[in-house]
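For reference, chains read A, B, C and D in written order, and residue numbers begin at 1 within each chain.
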């Protein structure tokens, strides 16, 4: 395993942490050497500490790793973080300060001016912010923070960015139907969601609105100018295990045909595909022609959970266009997003000394 | 029971038919004397023919009524219809032609120029179309057709019309999360909706878009001019038993404060309330201040299932305003809507000879 | 309200506490004058402290009651308790010691030799234990503790006791399918129960097995001799909001026909029915003849949630007989059970000085 | 593909038919060359005819196969059948009469004296019935019928047979919690199962009771003597997509310790494992030690959906022992069961001329 980067996971016992463990089980470039979590888990083996909630077994390789405290003394070359936001800010900064690259799924740093909010297919040029970050922050050599967006932002941006770059977005109206796994474990109480929808997800509407503008913003003069189009998001929890759906209306600066829009989305491919990054789906966007697709149960695992499925693309009487988009909120929307970020950074020699050693 | 109108129900064994039976059980002005349904049920008693799917028992009074064919020879003064749309057009017209008032929940005649598409609180003046209808159609004395809107249209119009009349709507963007009972029985297959959402409901988006404009349209020169604002609807099935939720954005001609909007909705009251119609909710619109309301499980039965609950009213970055609205799709959205229509018509002496006899 | 007993509720903000509030809203003999809960709620009004999870609104009468600590200085004549078991033992004893009658839904004292484990229709004679209790415990005048069984025990005992008393049970095999509301709020995580069943409920199998024997046991020589038949219980959580179902096999000492068993159950009536206690269902057991009943959604509210529905009664190849039984776990199985206990005790002049004053 | 048997699927568009297609996609010994279904589908390509309900896409290789009538003129070496029982009897016999080996998942022939009801790990010796069948029936050379059990029987037998063969079963009491996919598509109406359990599955209890005895019966004197122990089954539908759970009590002739029972189950291995049949799970039975396992969502896909997971093995007060068992009802319980049957038959040179050609 000499050619693998050694990886630590912060928040390893949670829903996203478990997905990190699952996704990295057979990864060719990363191997898990450290698992860190909250007080309650520390000192136990991962198998003891973790109430495993994914189908299939805990991978053998990590079962006996002893869970550490989230202190920047882990034996690894980088960390993936899925810490709860309330503790992420301080802890992640501690790690970066000590020279660890931090690839974070938490919201803590997403809107910091010098922190890339990255979707490799969409705004890989925002990685240039790392140069700014290096000058702004007092991190030891190699230390850095890169974030991925909120799970519902990702589905929206994946479906819209190719259209924005080609036709120009003027405004976007999003209504999400979000899976329960997005709230972690124990997360949503069954009494709140069985025979019910739950119309409030704390902070979510604000995140989708602002993150969308930041990701599609332009990098210039050492910062990201937010995309100028307004975004409206209503975010609703529904009784689905995995898979966030977004009902999207959008107004464009030009008037492409529905057929052209489908082609633009279908043909979309970007740097991760070109570089054949391990976690990158071959086709980032799958356009469904059936009138009743996409559906979470049928489409969330497309492209290994990394592809975005889009359907019901048609004209809209108010905004001009509409569609339904969907992806797997814990894979493309969280753990897989961070892993793809790390793969891209590794390919760009951005994971520090350790990484360059391995190129 | 001399002062009660005798009522027949077309489509009596279906989901909406059962609700008619339940809602009319103790009604002071209507009593069920005839039940009609498809071939399979005819000749059986209602208790035998009907696979009762509501909590509670089949009302004693109807258990032994023998189910008839849907032929216009029923022993009753008016009929409520919840026939499937494919057979509603011919059957309902047959009844009206023979002099029966037909209060229909079916979509067949909703968009016919001379047929009222009625929500008593909103457009009771559209009942004037009955004068036109009398001249257009060759119905025997007393025969008429009045319809109520689609179940998801009703929630939208209830929440928006008070604002439209006061501030003027410029455009409306609706995303519905609709309950499975809206599809009847057997309706939605459990394999399509468990751990899933289903993004397609046949004909629904078109209905919500056009019915909304028709109901809020103005009656003038013997016809209804559609309201001029564009409506966009995406309609999605979710795993909820009863209760349609609508995420609504809307643009107004003026700029009332959120507080003013809440007051306008909260204070809304109309003719059915003034007349104290039996099925009319005391407060047609209930404004919820909690950040996580309305919810189907908690709010669908407000006002006996006849009130519309509205919450999360706030500014919206694209359309200006947004909110979440909800009501019971089978009561306010179907059977209860038709019963309220009949109550209003009865109070307006519009139910023909029989009715005037009873005033 | 001079003729009402003043009632306090311990654990008033929880799932069962909310049901107490709802069930007592219009009660003719009890009125709520005190609400007590954990630290977090104390000092707030009930409306502020309580995240109300039942359909309908918090009753006006209790909205502004300030939530107290669970200390035995409440302004009331008796307390209903739905405290979590870990704190119930000490707190309930504190109240009884200070002279409060404690009508408890908690498990803390259920198996104490001198505490009645009461189902009014089944073992009202066990109230004689209160004489023993008076001598055993150092309670102030009026202080006492009476408990009701576990929510799944009640459905089993209601369905079996009439048969036991008539034919004699030799053994019982029970498999429960229990609703999520039985675990309180937040209770069961949606990720554990959506598209899933959960085969473990802590302590439940032991409770059903032992409580069943205790309730059907005979009171003699100042104590309850456990019923001698062995009971096997496997208890499973399923994705149902309200309504516990039990699949029951049973062996009898004699061999009545299926018809006789149905009649025995159908005709069962007991002291609460004779006394016309307010919460007592007219028919404690409803025998369903349909092959697909009882079902939680259709039958849980039978008899105001207080009746037990039984169906699929037939011969069994191993035990001789089998059936499916069901009732509402939060009404008949918890809050309603305790209210009925109190009604019976009130009618028997067992609620102390206060009660006798009101007789 | 010269070394593959050419396979036809009867009932190819249904829930089980789709699983056959999915499971055979990359099979080393079978390739699909014919798909047959009901009238409505005939003449369309499979992609057109089939409303695909499984995650992932329809395999490319079958998309353009034109769906045939279920007539015994298909271009294939054997057929898998998942026909509805009402048409299975005639159709399957037609195929066998014309010389096709019929590997059936239907119930039509399961209890016929000369037809193997086969679980390869359990009663492979029952294949000797094919000799009897050859003499009894007028099938052309190669024609035969082999069946697999009902989906809920399989989970029960897999968990019990190793114990029966070692310790001797005296009686068995089974309560199943069955997934909705077991009823096919559209199958269970969502209104019947959302927030509900459904206590009746037509014919299921009888099937589990009789099939269990037949499978564990002894082959002697050219027939199968049913196992002598009585079986009681109550079968209940629950709101789970895939995965049947069985709560099982059982009485043994001897009194092994719980530890011995676990070892017997854990170590169980049989002919399919020995032969390393392609679909055979490496470990047929997985014993879970966690107190809350097995669970459908976590365990149904164990061993590629072919392993049976067993947990909560403990003493029982009435029958002596109890446990919870679970497997994937559409894979191990239906399509995978039939494929494994075919693999075993192929290895035993029982698939006729075609098969021997391939050995």
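For this structure, a couple of remarks:
We adopt the following convention: a contact is a pair of C-beta atoms (placed from the backbone, for glycine too) under 8 Å apart; a residue touches a chain by one contact, two chains touch by 3 or more.
This one's a predicted model, so the numbers in the text were calculated from it and none came from an experiment.
Of the two chain pairs examined here, A-D and A-B, it is A-B that is joined by more C-beta pairs in contact. The greatest centre-to-centre distance from chain D, using averaged C-alpha positions, is reached by B. At the interface between chain B and chain D, over half of the residue numbers involved are used by both copies, so each side presents largely the same positions. Mean C-alpha positions place chain A and chain D at a centre distance of 40 Å. Annotation: 48 Å between the Cα-based centres of chain B and chain D. Separation between the centroids of chain A and chain B, computed from CA atoms only, is 43 Å. Annotation for chain D: residues touching 2 or more other chains are 53, 192, 194-195, 239-241, 297-298.
Chain contacts here are complete: no pair of chains fails to touch. Partner chain A is touched in their complex by these residues of chain C: 15, 53, 180-181, 185-195, 239-241. Within the complex, the chain B residues that touch chain A are 171-173, 175, 177, 192, 195-200, 209, 230-232, 234, 236, 238-241, 245, 247, 249, 291-298, 311-312, 316-319, 322, 324.
Residue ranges of chain A in contact with chain D, taken from their complex: 52-56, 194-195, 241, 297-302.
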